[in-house]
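Look for chain A in each of the two complexes below; its partner is chain B in the first and chain C in the second.
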Partner chain A sequence: MEKIFIEPTRTTPLINFDPDEGLLEMKGRSSPENSIEFYQKILDNLEEYALSGGEQFTANIAFEYFNTSSSKCLFDVFKRMSRIEDSGKTITINWHYEEGDDDMMEAGEDYSDLLDLDFNFTEIEED
Partner chain B sequence: MDKNHELYYDEISSLRKFRSKIDSHAVYKEDLDDFSNEYEELIAQAKVITRVSDRLQKKLDNANIQIKEQNDEIKFKNIELKTTVDQLAQARVGRKASTIMLSVALILFIAEQLLLEPWIQANIDIPFAGLGILAILFVLVKVLESSLEKYFMNKEKKKILEAEQKQAEGWS
Partner chain C sequence: MDYLRSYKNIYDQNIILMFKGELTFDLVTAMIGSLEERLDEIEEDRRVKKKFYNVSTECIQNLYYHLDEVNSDDKLISSFDSHSALIMIAARKRFYSLQTGNYIPTEKIGEIQKRLDDINAVSADELRALYKKVLAEQEFSDKGTGGLGFIDIARKTAGQKLRYKFQPVTSTVSYFTFQVRLPRVDEN
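Right, the complex of A and B next:
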């Protein structure tokens, strides 16, 4: 497991994965040319975290927009988180969305329902 | 771990495994249960991904509509601004050009009357030659007035736009 830090761009979100802290942050817009290539490293590390990571895991998610292939990758990310939870660890998922952005809030609700994960929904002020 | 994953890698991998079991005639009820569960999950996944995508597509569409509306408004404001600048410049310049050209016309008329007219009467034997020259001078003055107005207008517009820009920079 390694720390991952990816600066945000116009088409990719900020990624901050710190296995020592048990923290994953994803923030911004996600419409990369190749979504799976972009998210693969995170998926692999989360897989490993379920096996050998710490007892607490926190995910802070704040997306403005993501495309269809990213939505599949996010599903896979949450599935890995579900596995972390199944391995007996405590998991906290904070889903942040911009003020009035009901579509983004509902997207979080869909993931939460499908994977039976508890999300904390927080409205944040627009930049 | 495999670093060359593709989208839906896990699902494709399950399908391949199941197919290889079919090929080897080693399919048990357990395998069918697993496969149908995975298929069910895939359907649920497809439903959610489609719903999420539709929502975000709608968000994108709304943003595009908003951008288009803002562009239209900017275009309209630009036209309005251009008209106002033109009117303002016209008002400022029109009088200035007329005053200059009236002065020039007066000087030319006096010069014609004092210098050219006596010379014409003494040397040229054409009736109404003086009046003809005055008519030519009048046309010339009119042409010069339009050119002068155009020149002042461009200068004035530039000045107004620069002032607007400075004001906008001051606000931002």
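Right, the complex of A and C next:
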């Protein structure tokens, strides 16, 4: 496992994965040209975390927007988190969305429902 | 030449973005960036602005991924046009409209039309269920697309049907026009 830090761009989110802390942060917008390529490293590391990571894992997610291709990749990201949980670890998923953004809230609900994961939903106030 | 007169029609119809040509990913990103700036100026409702930004990004990226499917025809379609997209975004008083046009292989019409008709036939709740089903079950295509684009666009423009038209151009190629509308005022 390796630390991953990716600065956000217009089409890719901020990514901060710290295996020592058991932390994954994803924040911003996601509409990269190749979503599969962009998310692959995160998927691989989460896979490994399920096998050899610490007992606690926290994901802080705050997307402003993601396209449908990223949406499929995020489904795989959460699937890996569900595996981390299945391996006996404690997992916390915080899903932040902008005040009034029902679409983003529903997106979180959909992942939570499909993968049987508990999400903590938090509205963030507008700037 | 009275250029202003020929452009006047465009200005009068509140068109905020118009484009014809081949697309690169950087161009798509720049176009969406410029659309966003324009929306910041003209749209006060934050939610409408966000929804339209989302729908436009999905539509234009979708178009970008599918522009390489038609080959040129010497007589009717130039090699430039065969890979060209047409994009027109208008801000009307009551709704935003995004219209796209591109050449597609005629053999693909059946599949696209079925998907659009299926989406137009269902309620908002059923649309959400359909989205979740595709999200969980469908594999990525060779192009890295997930089959969710149209469903997502329909979810975000709830209550508005996806409008489309297919017109034959040659024996193997057709022209596909697609239009979405997003209401600017809350109609509930």
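FYI, the second predicted complex is superposed on the first by the 127 of 127 C-alpha atoms of A that agree within 3 Å, B and C clash if a C-alpha of one lies under 4 Å from a C-alpha of the other, contacts with A are read in each partner's own complex, and residues count from 1 in each chain.
Convention: contacts are C-beta pairs under 8 Å (C-beta built on N, C-alpha and C of every residue); 3 or more make two chains touch, one makes a residue touch a chain.
Predicted model only: the values in this text are computed from it and were never measured.
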| item | value |
| --- | --- |
| Touched partner set for A:L114, first chain B, second chain C, both or neither | both |
| Touching partner for A:T11 - first (chain B), second (chain C), both, neither | second |
| Partner chain in contact with A:E47 - chain B first, chain C second, else both or neither | first |
| Chain B versus chain C as contact partner of A:E33, first or second or both or neither | second |
| Which superposed partner A:E126 touches (first chain B, second chain C, both, neither) | second |
| Partner chain(s) touched by A:G100 [first = chain B, second = chain C, both, neither] | second |
| Partner chain in contact with A:Y65 - chain B first, chain C second, else both or neither | both |
| Shared contact residues on chain A - chain B and chain C | 35-36, 65, 67-69, 71-72, 75, 101, 103, 106, 110, 113-114 |
| Contacting residues of chain A [partner chain B, same complex] | 35-36, 40, 43-44, 47, 65-69, 71-73, 75-76, 101, 103-104, 106-107, 110-111, 113-114 |
| Residue ranges of chain A touching chain C (in the complex, touch as defined) | 10-11, 31, 33-36, 65, 67-69, 71-72, 75, 98, 100-101, 103, 106, 110, 113-114, 126 |
| Residues of chain B touching chain A in the complex | 1, 3, 5-10, 44-45, 48-49, 51-53, 55-56, 58-60 |
| Of all residues in chain C, those that touch chain A in their complex | 25, 29, 33, 46-47, 50-51, 53-54, 57-58, 61, 128, 131-132, 135-136, 140, 144-146, 148-149, 151-152, 155-156 |
